[in-house]
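As written, the chains take the letters A, B, C, D, E and F, and residue 1 is the first residue of each chain.
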Amino acid sequence: MLDILLDILSWILLLGGALFLLTGAIGVLRFPDFYSRLHAVSVCDTLGAGMVLLGLMLQGGLTLVTVKLMLIFYFMVFSGPTAVHALAEAAQVSGLDPVEDDREDG
Amino acid sequence: MSTLLGHYNYWIVIVLMMTGFYTVIARPNLVKKIIGLFIFQTSVFILFISMAKVEGGTAPIIEEGYSLYSNPLPHVLILTAIVVGLATTALGLALVVRIQEAYGTTNEDDIHVQDETD
Amino acid sequence: MQHLVDIVLLGLLMITGFAIVRMRSLLAVTMLTSIYSLFSALLFVVLDAVDVALTEAAIGAGISTILLLATVALTTEYEKVPSHRSLLPLLVVTLTGAALIYGTLDMPHYGDPNAPVHRHVAPDYIEDTPEEIGVPNVVTSVLASYRGYDTLGEVTVIFTAGVGVLALLGVHLRKRTEQPSDYHKLVVLRVIAKLFFPLILLFALYVLFHGDYGPGGGFQAGVIFATGFVLYALTHGLGNAERVIPPALLGILAAAGVLLYSAVGIEGMLLGGKFLEYNVLADDPVSGQHLGILLIETGVGITVAAVILIIYFGFVSRRPGGADAQDPS
Amino acid sequence: MYAIATILILVAIAVGLVRAFRGPTLFDRVMAGNMIGTLTVLLVAVLGFMNGRPEFLDIALVYVLISFISTIAVLRVYVSRHDHADTD
Amino acid sequence: MLLSNLPALQVVVPLVSAPICLLLRRPGHAWACALTVSWAVLVMAVLLLRQVALEGTVSYPLGAWATPWGIEYRIDMLAALVILVIAIIGAVVMPYARRSVMQELDDEHIGAFYTCYLLCLTGLLGIVVTGDAFNLFVFLEISSLSSYVLISLGRDRRALTAAFQYLVMGTIGATFILIGVGLMYMMTGTLNMADLAQRLPAVDDTRTVRVAFAFVTVGVSIKLALFPLHIWLPNAYIYAPSVVSIFLAATATKVGVYVLLRLFFTVFGVQFSFDDMHVGDIIMWLAIAAVLTGSLVAIFQDNLKRMLAYSSVAQIGYIVLGIALATGAGVSAGIIYLFNHALIKGALFMALGGIMLRLGSVELRDLHGLLRQMPWTVAAIIAGGLSLIGVPLTAGFISKWYLVAAALEGGLWPLAFIVLASSLLTVIYVWRIVEATCFRAAGDERPGVREAPLSMLLPTWLLIALNLYIGVDAEVLTGLADTAAAALVGEALP
Amino acid sequence: MINLKHPFNLSLFLFAVWLLLSGHYTPLLLTLGLLSTLLVVFIAARAELIDHEMQLVLIKPGVLLYWVWLGGEIVKANIDVCRRILDPRLPISPRMIRVRATQKSELGRVTYANSITLVPGTVTVSVEGDRFTVHALTREAADDLEGGELNRRVRDVEQRF
């Protein structure tokens, strides 16, 4: 019973994660300027990747495989935002201006 | 039809190889030439790895529960070839940097012009 | 499923390849080259070549991209339109491609288990490795033992490249305090690099010593080790990096790796065997093989790491020069 | 289930590739490359499970590191070059 | 122990000494290391030739793995002869190198220079010794990469572009070879040359093997600078440091020829290469074109190095001409030509290096009346030139004689005529040198120009002497070449 | 309580990582693992990396609680951003804002900066002393950040490092 439950949970996580990844990619395509695209990349790096890896961890169970997945997760959590930050900073230093929008919408 | 499916991989790989090859011989920019070489070589690697694949096989790391493994030999050859490729790329780019310093350009046509006026 | 992934990846590779030919911005082309390499690495995973995938990603998407970008930054960012268009290259390429396609017609089909490559020589490697070498990873056993001499050649090739870059670009010692001009802005990178650096090095050594069991080995380990130092150099400044590993030491290490490898081979001779015969290194053949593989993989790792750092230092210590370095034609 | 995830990730990679082609700035391309790197890592992990050989996670781990470091390296090398070009 | 491991040591000794050479730092020490190794290599080459002559083909399994699972070293008479050529040139060029390198290179580059020289030597020897198709590719790359570096160390900035052009073409060639080897492997499942030779006939009517053959041939042709794939060669020879020009001109293309022979005769077999693929006809036309254009272009050159470089293109044509005949006599003539040409070109480039050292130029107009100031060097050039033409009592005569004889034996008298006619072209450009150096008065004074130092003159004249000796007594060489050729072609000895 | 200020602790930590990675516990590999650890620690010491910033921030309960809270925020923000990506009208209003970080240590500020970036909708563009430039995808995200809850929480958790 628990096994089946875990299986279903892991599938949900896996598929959900993949969907988030795809959404992030679409965002990278759709957003109008470099800086806003970065937010879409963040979607991939955080929730998308996290859910996929968590789903796989549930499949792996309490083994060294899961440890490795956790290590991958650890590296991703730290490297993802750092890379995004480095990109943003480099773009700013090189003089790339963001598209600013002050419309009152929501 | 079976020919088509059986050779699909190889044909695409050939197109890739020729893409790189064309870049090498048709583009006057030296960096682009090196990039062309890189693409050319990488595609040849894919050719080798494609021929190593066995339908239904798995990576050649022996483990219980598996009996059919892909051919390890091309993998070994390509490991060596990748290193050779890196060595060539590094040397080529080092030469490009020195040529830029000596000629002030990395365009083959401009270099020829300069050499002829010497 | 595997076929689908395979076909999609090849398609992506083809599109990327065409884009690389067409684009004139060399920066864009460099990034696409990196992506191209990443795709081929992914394809290698699908085709079961895990060791190759590891190497291709580290070399192609990693080191080569960095070198290409360093070169582009030192030269020009845009490729000029060729002054004359000639049909000759297209003709040569078409002919070559046609010849190759012609050659594929009699090839064994992709994945065919009865192809000659799967009937002769290779099956014996898979069959004999467990008892003759005693390691599960057949790629490692072939690489390091059956065809260990090729690998010695490979180490020599990379050593040659190191000597070449040393001769062409040199490695200039810099003041130990020299730091990136925007050092203060690098807080985030520096702290993260601090966290990562020891782990990357440890992981490299793990890859080195577990090449027997899984994907990896001396070569991949060397690249990862060097990449760790590249990260350190990027965040803490070249001066600091050269203090941790002085360039003079790098030259010695590059030579030492080749010498260690050859020494194992010569030791085999001295003990009455052939060159690179590991069986004679220990009392029983299998532990001899183990010892031999361990030592030569270490040699490979040392040379590769040292040479990659030599190359990296060589490229980044060059200042931009030349007349039209920023020519935006 | 793995198959569907694989397909979704592949589509995402293709979409990311379009951004890499379009640019328009170097940074857009680096960003696309970085994202494709992340997607590749996950794809390798999923493929490992699909083929029943999850020990290949080592590859995924290497990809994470390489993708991160090369992104940083590309940016740093590029930016520092341009600094020098301005001052020299 | 030493003797039984001779085949491996032949390559391993220079390989191991290369990193040691890099560690030595002091230019003098690096040179001493390279010198010692070169001589050791020569001793081993002689011993190996003796062993092959006495025992026949020597096989050495590296790592003690049985073929075709492991890599095999396999030395037959042809390989032993080519090794000897490389070893002789290496041993002669090293004593010569010290002064020349000191003058032409910066101190900081000298260590790297000798390291690369040793690596190049390793690569060339490795190509010749190996019996494994992929191992050949690896050692080809070792020799190629190190020669790119060596060439780029030249003083002129054009050395850089020459090296780059060579790198691009060489890599294309190597990749072609890799593709060819891959296709061969695909059809047979083996990489060992002997094993390939056994298994190829079963599949040699497939299109894949034909394409493999074509790719390997084109790849090797780039490496040996066969017309029209020679365009990298002239610049590479001209702008490289003198020592590198000598070494590469005398050895690198010869090794390319060796690979071609191996491929046509050992791996694919005479029948497939010449009867099925008609490669003989193709390369014969290319060789004729090489001979004629090379000689013609050489005539109009004012730079002596460039003149000799184009002359090399022509001479490679002669060698390939012999191979294209595909008969025992033809191949034997090719091998003899290969051997002699290495000695001649080595000597000529050495003499030019001497002039370069004293004059800093090898332009014909700067050499007017040089005979008076550098009599021995000029005499060496003239002697070498005579040998290049093929005047009796020189090695050049022997090689041309055998080539013409082989052509006539095959009933190809137009070919014999072309060989003789092109020799006349050679006479013209050699005469231009003689005229300039002996009969023109020096335009302006060249104070301080004197004879090249003894360390450079002696090696030059050593090669010239060897040249003349072979011109008088070629018995041993032709005997060995006949044995080698017969083994390749598969004929009984005449 | 793991404190990586001391090389010995770093060695223990790295060796533990090795054991988790390895999965093969033969004497040879354990010895190699030990040697590898020592080599890495030696290099890290040479690189002057072993200082108070080498913390394993995940270990303490209070810190863990912070990560859990941040995880919740990330999920919420993710769903918001994804909704906007998929909305045909693309309802975003990107802007650059400046915020002040009140953390005392560098590590604290880095945690803050990375936390900002981790939450989709806000990206730290540059860090100069305690002044951050942040790019926000929407007004809401910008307002949220300027509200300062994240800043406060990081400052609290910083004390526990």
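The rule is short, and it goes like this: contacts are C-beta pairs under 8 Å (C-beta built on N, C-alpha and C of every residue); 3 or more make two chains touch, one makes a residue touch a chain.
It should be emphasised that the depicted structure is a prediction, and the values quoted were computed from it without experimental measurement.
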Inset, instruction - Enumerate, in label order, the chains that touch chain E and chain F alike. - result: C
Inset, instruction - Kindly indicate the chain pair that has more C-beta pairs in contact than all others. - result: B-C
Inset, instruction - Measure off the straight-line distance from the CA centroid of chain C to the CA centroid of chain E, and report it in whole Å. - result: 32
Legend entry - Separation of chain B from chain F, taking each centre as the mean of its C-alpha atoms, in whole Å: 39
Inset, instruction - Averaging only over C-alpha atoms, locate the centres of chain A and chain F and give their separation in whole Å. - result: 15
Legend entry - Sites on chain E at which at least two other chains make contact: 134, 138, 141, 145, 148-149, 152, 179, 185-186, 191
Inset, instruction - Would you give the residues of chain D that are in contact with at least 2 other chains, written as numbers and ranges? - result: 13, 30, 32, 55-56, 58, 61, 65, 67-68, 72, 76, 78-79, 82
Inset, instruction - Can you tell me which residues of chain C touch two or more of the remaining chains? - result: 50, 70, 74, 100, 104-105, 107-108, 115, 117-118, 121-122, 125, 147, 150, 153-154, 157, 160-161, 164, 168, 182, 185, 188-189, 192, 195-196, 199, 203, 210, 213-215, 325
Inset, instruction - State which pairs of chains touch, listing all of them. - result: A-C, A-D, A-F, B-C, B-D, B-E, C-D, C-E, C-F
Legend entry - List of chain C residues in touch with chain F within their complex: 184-185, 187-188, 191-192, 194-195, 197-199, 201-203, 205-206, 209-210, 213, 232, 236, 240, 244
Legend entry - Touch list for chain D against partner chain B, complex: 51-53, 56
Legend entry - Complex contact set, residues of chain C against chain E: 99-100, 102-108, 115-122, 124-125, 145-150, 152-154, 156-157, 159-161, 163-164, 166-168, 170, 251-252, 254-256, 258-259, 262, 265-266, 268-270, 272-279
Inset, instruction - Would you tell me which residues of chain F are touching chain A in their complex? - result: 17, 20-21, 23, 74-75, 78, 81-82, 85-86, 90-96, 113-114, 117-126, 133, 135, 137-140
Inset, instruction - Spell out the part of chain A that touches chain C in their complex, as residue ranges. - result: 75, 78-79, 82, 85-86, 89, 93
